[in-house]
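In what follows, chain A forms one complex with chain B and a second complex with chain C.
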Partner chain A sequence: MSVETLFALTACALVGIGLYGLIAQPHPLRKLIAFNVMGSGVFVLFGALAKRGAAAGLAADPVPQALLITAIVVAFAATAVTVALMLRLIESADSASLAEPPAKD
Partner chain B sequence: MITTIAVGVLVLLLLWLALWTVLARDAFLAVAGFVIYGLLLALVWVRLAGIDVALTEAAIGGGLTGALLLGAVGRLRRTEAETAAEDVGTATRALAAVLALGVTAALVLAVLMLPEPVPTLAPLVVPNMPATGVGNPITGVLLAFRALDTLLEAIVLVIALIGVWSFAGDRAWGGRPGPRYQAEPDGILAYLARVLPPLGIVIGIYLFWAGADHPGGKFQAATILAAMWMLVQMAGLGDAPRTDHRGLRAGIVVGPLAFIAVGALGLWKAGSFLGYPEGWAKPLILVIEIALLPTLVLVLALLMNGPPSRGGAR
Partner chain C sequence: MMVATDLWSPTDGGALLAAAVLLPFVGMLLGLLLGGRWLQRVTFVCMPLGLALVVAIAVAWLGAEGPLVYLLGGWSPPLGIALRADGLGVAMMLAVAGVVCGIGLFACADFGLKPGEPESRGAFAYWLLLLAVWGALNLVFVSGDLFTLYVALELLTFAGVPLVCLAGSGETLRAALRYMLFALCGSVLYLLGAVLLYGGYGTLDMPLLAEVVQPEPIAMAALALMTAGLLAKTALFPLHIWLPPAHGGAPAAASAVLSALVVKGSWFLVVRLWFDVMPGVVTLSAAQILGALGAAAIVVGSIVALRQERLKLLVAYSTMAQIGYLFLMFPLAFDSSGSGPTHGFALTGGLLQAMSHATAKAGMFMAAGLVYAALGHDRIADLAGAARAMPVTALAFALAGLALMGVVPSGAYLAKKLMLDAADGSGQWWWVVVLQGGAVFTASYVVLVLVSVLRRRAEPLPLTKPVSRLSEFAALTLSVCSLLLALAALGPVPGSFISNPLAPKELGTLLAVVLGGALLAFALSRRPLFATEWAGDGTLRRVVARVGGAFERSDGIIRRWQFASINLLVLVLLLGGALVAAGG
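Up next, the complex of A and B:
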């Protein structure tokens, strides 16, 4: 099996692991970390496809690789916004729970 | 043979760390796992012939994101026990596992049925590189062939920063973000914050300049410069800037504005938005890169700082 296929299959598992954590972990910070793991799986899969596209003397297709750099930076920005939102939620609600608050009658 | 074993070990470590990160007992352990995971991912990128991506991943994916999450862990400590009691239940966990396995299985099927011959844009990039005047194909893609993506990315970063700032309380608006860090003036942190920044600035500018022809570029350079600034702040040697400072705000928007101006020039001179007139590609790319650098450094560092929290509304 070629290296890129092996990494592509690993990436599929990473997406699954992240998705599980996103659902099963109750704390929003843990969900955010799990979401980042899931995102990195998508990136590795895309990077493996870029490696498959090696041609014309280049070791990999530069177009998806350039998009990956963009993606990593944007993922960081989105994570920063989420962290700020989460800290604000805790400050105003005094709880990190994402569960429905008990209904007030 | 040895590389095969190395790749196998790398894959196993990566999967184990991903599981660790998702399942760890508390959030601190999860973040610690995530940082190491980010560094290992950088090795994966090297193996996948993406040195530029590897540099970005190590600097931003592992480094900056890790530091951001560690900061959040510290402030969220006391809420952890509360949500730990909030177990999602065995049924939900089982469903989540089934869903995760299903998604993984679907992706594996897709990987095993990838089309042959492999679709690739490399043969289109290579013959057109001389027209851009840069030697690194990734820089060529980022700033010539797919410049629109990079422009939108710069705008997204500025919007993200506005988003973070908008979480400030009314009284803190325009003030300084984060706490005023205090550190032992003769301690190791203050020492490093004096010794490392000069080196970091040289390395950052080298990566920025080398990015035209070699792996590197403005994102990696900006991350290193932003990290140096954070180090100075954390050692208590400098404070975070006031977010209503006009010079700061000008530095934040100069990148996207210069980018749009060059794009409009292309509309006028080369007949398409972001088109470069014959022979002018390299100087215009340089103008965009130099204008983007302050934007990227400021936005990355200020995203780490978080929303303004003190000394607002003068």
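Up next, the complex of A and C:
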């Protein structure tokens, strides 16, 4: 198995685990971590593609690295915003549950 | 790889694009540095400047032959990043600039600081976020590559989410968190698709990709992932998990931004992908899926809107239904040969629909917010007498409603005409039914609200707070803009599409739509539309009420997290399947 295939399979596994967590874990903090795991999977895939040198037949393509760093910063910012929201929610509602309160009829 | 250099030779006026993107962000940073009181002044300097810039861009675009292009740092793609503005982008930028200015004027009453008043955190955050949304949207409309678009979309989400919870109550925070997490699911899927495209073709620049992309598995997988991710951010049925609580719970000035502008960003990106980047990959059957989801959104959104007790939630569900409208154009853009979507009347119609929804829905949310502010509640059942107490607000709501229904000469009317024409041309008669029926559904909740506010009341309605004239007229102006949009759009469209609004045929259609809407509202509303003696408790009414309740309950189930996220995956598979089946 070539290194790239190994990387690609790792990426698949990470995306799969993250996806499962996003769907099945009820607590928003776990969902957030799942999002980060899934994001890491995408980043690993991007890194592996760089090794393939997709752009112009180069030995290794430097562009994905530059994009990756931006994507990581964006994911970090998203995580920070979400954690801040979650802290405010726990402060004001004493629980971080995402479920809507039952409809008041 | 062949590089067609003319795609990226910088054009005159290209620098205007960079300026239009930078201006709101510079204003935001300046306001952040100068602090509190200055931020609002900076915003009010940015608004006319930004509007003037966009008008200048429009003039430059009319003068140029093709799209305006600006190369950041002078580097040309595939290594550099280009900003490009074509007709679609310019039109959306114009609409957004107009709506932002209207909302800014409206928000003076809620978030403006009067002399001597202490600064508040909510107001400070609001003006910052308004500028951020504007800058992010401008970036979405002019970005030339898929990765810049990813960053722009994330900026838009980060600016939109805090707008939901400006009030800071537990309920709004929960809505904001749901919005954020679901939007993050969508953005990972989008990024995954973009990465796959880069892996397959070695570029993310849109014109370059359009040249090299082939209907093969990697492009199909990427398109399915990106489209589904973007739909999650646009809140198309059945992925509207976050929309009603977020849009219904935010302060009115924020709801207007979210409903009128923020959802259009990701919608616009779907349009870009389908029409400009991968017209050779998309298939009619995949487009039919988008159209069918849109039709379902119209039906479910409108019926659930009728069942709402609160005006702002009703308007939020109406947004969900109107988002459905925006996706009807995808199947209609295929001509009868079915070879791929074309830049024809259907696309123009969809664009007009988006612009008229942006203006009308901003006006509608503002009117709902004014009602809430003046009465201290927005329970639809207790709105009797509101039209007499605040006539301008009621008029703004009514005009916005008429504009959404597609009465001549509103933008939605021309949009409907264009799409009907496309449906005729491509022989897809079933969309004619949806287009005509959709107007009836829209009419139903407009009629419901109007009947409630026009109802007589023995004693005059007590207002807890005087209504701001400026806000009222901002709402009215946006509604009137939406109602007159068809006239402004006559340039690029043959005039034959607009007919005499008083011709018997037009009046007949209007009458049929309003009567149909009234019937629907009468049958499905939670409370009897008219005085109680007639509504009675006939079997028919009970059966219909049960149907309405069933819709409401199923909406509740669809909006559960597990259900929505599994729907997202199913949608990826469905779209992928539809692409492979026809294209493979």
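By our rule, the second predicted complex is superposed on the first by the 99 of 105 C-alpha atoms of A that agree within 3 Å, B and C clash if a C-alpha of one lies under 4 Å from a C-alpha of the other, contacts with A are read in each partner's own complex, and residues count from 1 in each chain.
Everything below uses one rule, namely that a residue touches a chain if its C-beta (ideal position, glycine included) is under 8 Å from a C-beta of that chain, and two chains touch if they have at least 3 such contacts.
Just so you know, these numbers come straight off a predicted model, no measurement behind them.
J.: Would you check which partner chain A:Leu67 touches, where first means chain B only, second means chain C only, and both and neither mean what they say?
T.: both
J.: Name the contact category of A:Ala77: first (chain B only), second (chain C only), both, or neither.
T.: both
J.: Go through the superposed model and pick first if A:Lys31 touches only chain B, second if only chain C, both, or neither.
T.: The answer is second: A:Lys31 touches chain C but not chain B.
J.: In the overlay, answer first, second, both or neither for which of chain B and chain C A:Ile17 touches.
T.: Touch partner of A:Ile17: chain B, not chain C.
J.: Which partner chains sit in contact with A:Arg88 here, chain B, chain C, both or neither? Use first/second/both/neither.
T.: both
J.: Could you pull out which residues of chain A sit against chain B in one structure and against chain C in the other?
T.: Residues common to the chain A contacts of chain C and of chain B are 15, 18-19, 23-24, 26, 28, 32, 45, 49, 52, 54-56, 61, 63, 67, 70, 74, 77-78, 81, 85-86, 88, 96-97, 99, listed in rising order.
J.: Spell out the part of chain A that touches chain B in their complex, as residue ranges.
T.: Counting only chain A, the residues touching chain B are 3-21, 23-30, 32-34, 36-37, 40-41, 43-45, 47-63, 65-70, 72-81, 83-88, 90, 95-97, 99.
J.: Would you pull the chain C residues touching chain A in the complex into a rising list?
T.: Of all residues in chain C, those touching chain A are 1, 78-79, 147, 150-151, 154, 157-158, 161-162, 165, 168-171, 173-174, 176-178, 180-181, 184-185, 187-188, 191-192, 195, 198-204, 245, 556, 559-562, 565-566, 569.
J.: Touching residues of chain A toward chain C in the complex: what are they?
T.: The touching residues are 15, 18-19, 22-24, 26, 28, 31-32, 35, 38-39, 42, 45-46, 49, 52, 54-56, 61, 63-64, 67, 70-71, 74, 77-78, 81-82, 85-86, 88-89, 92-93, 96-101, 103.
J.: Going by the contact rule set out above, which residues of chain B touch chain A in the complex?
T.: Those in contact with chain A are residues 7, 11, 14-15, 18-19, 21-23, 27, 30-31, 34, 37-38, 41, 44-45, 47-50, 52-53, 56-57, 60-61, 64-65, 68-69, 71-73, 75-76, 79-80, 82-84, 86-88, 92-93, 95-97, 99-101, 103-104, 107-108, 111, 114, 118-123, 125-127, 137-138, 140-142, 145-146, 149-150, 153, 156-157, 160-161, 163-164, 167, 217, 219, 299-300, 303-304, 306-307.
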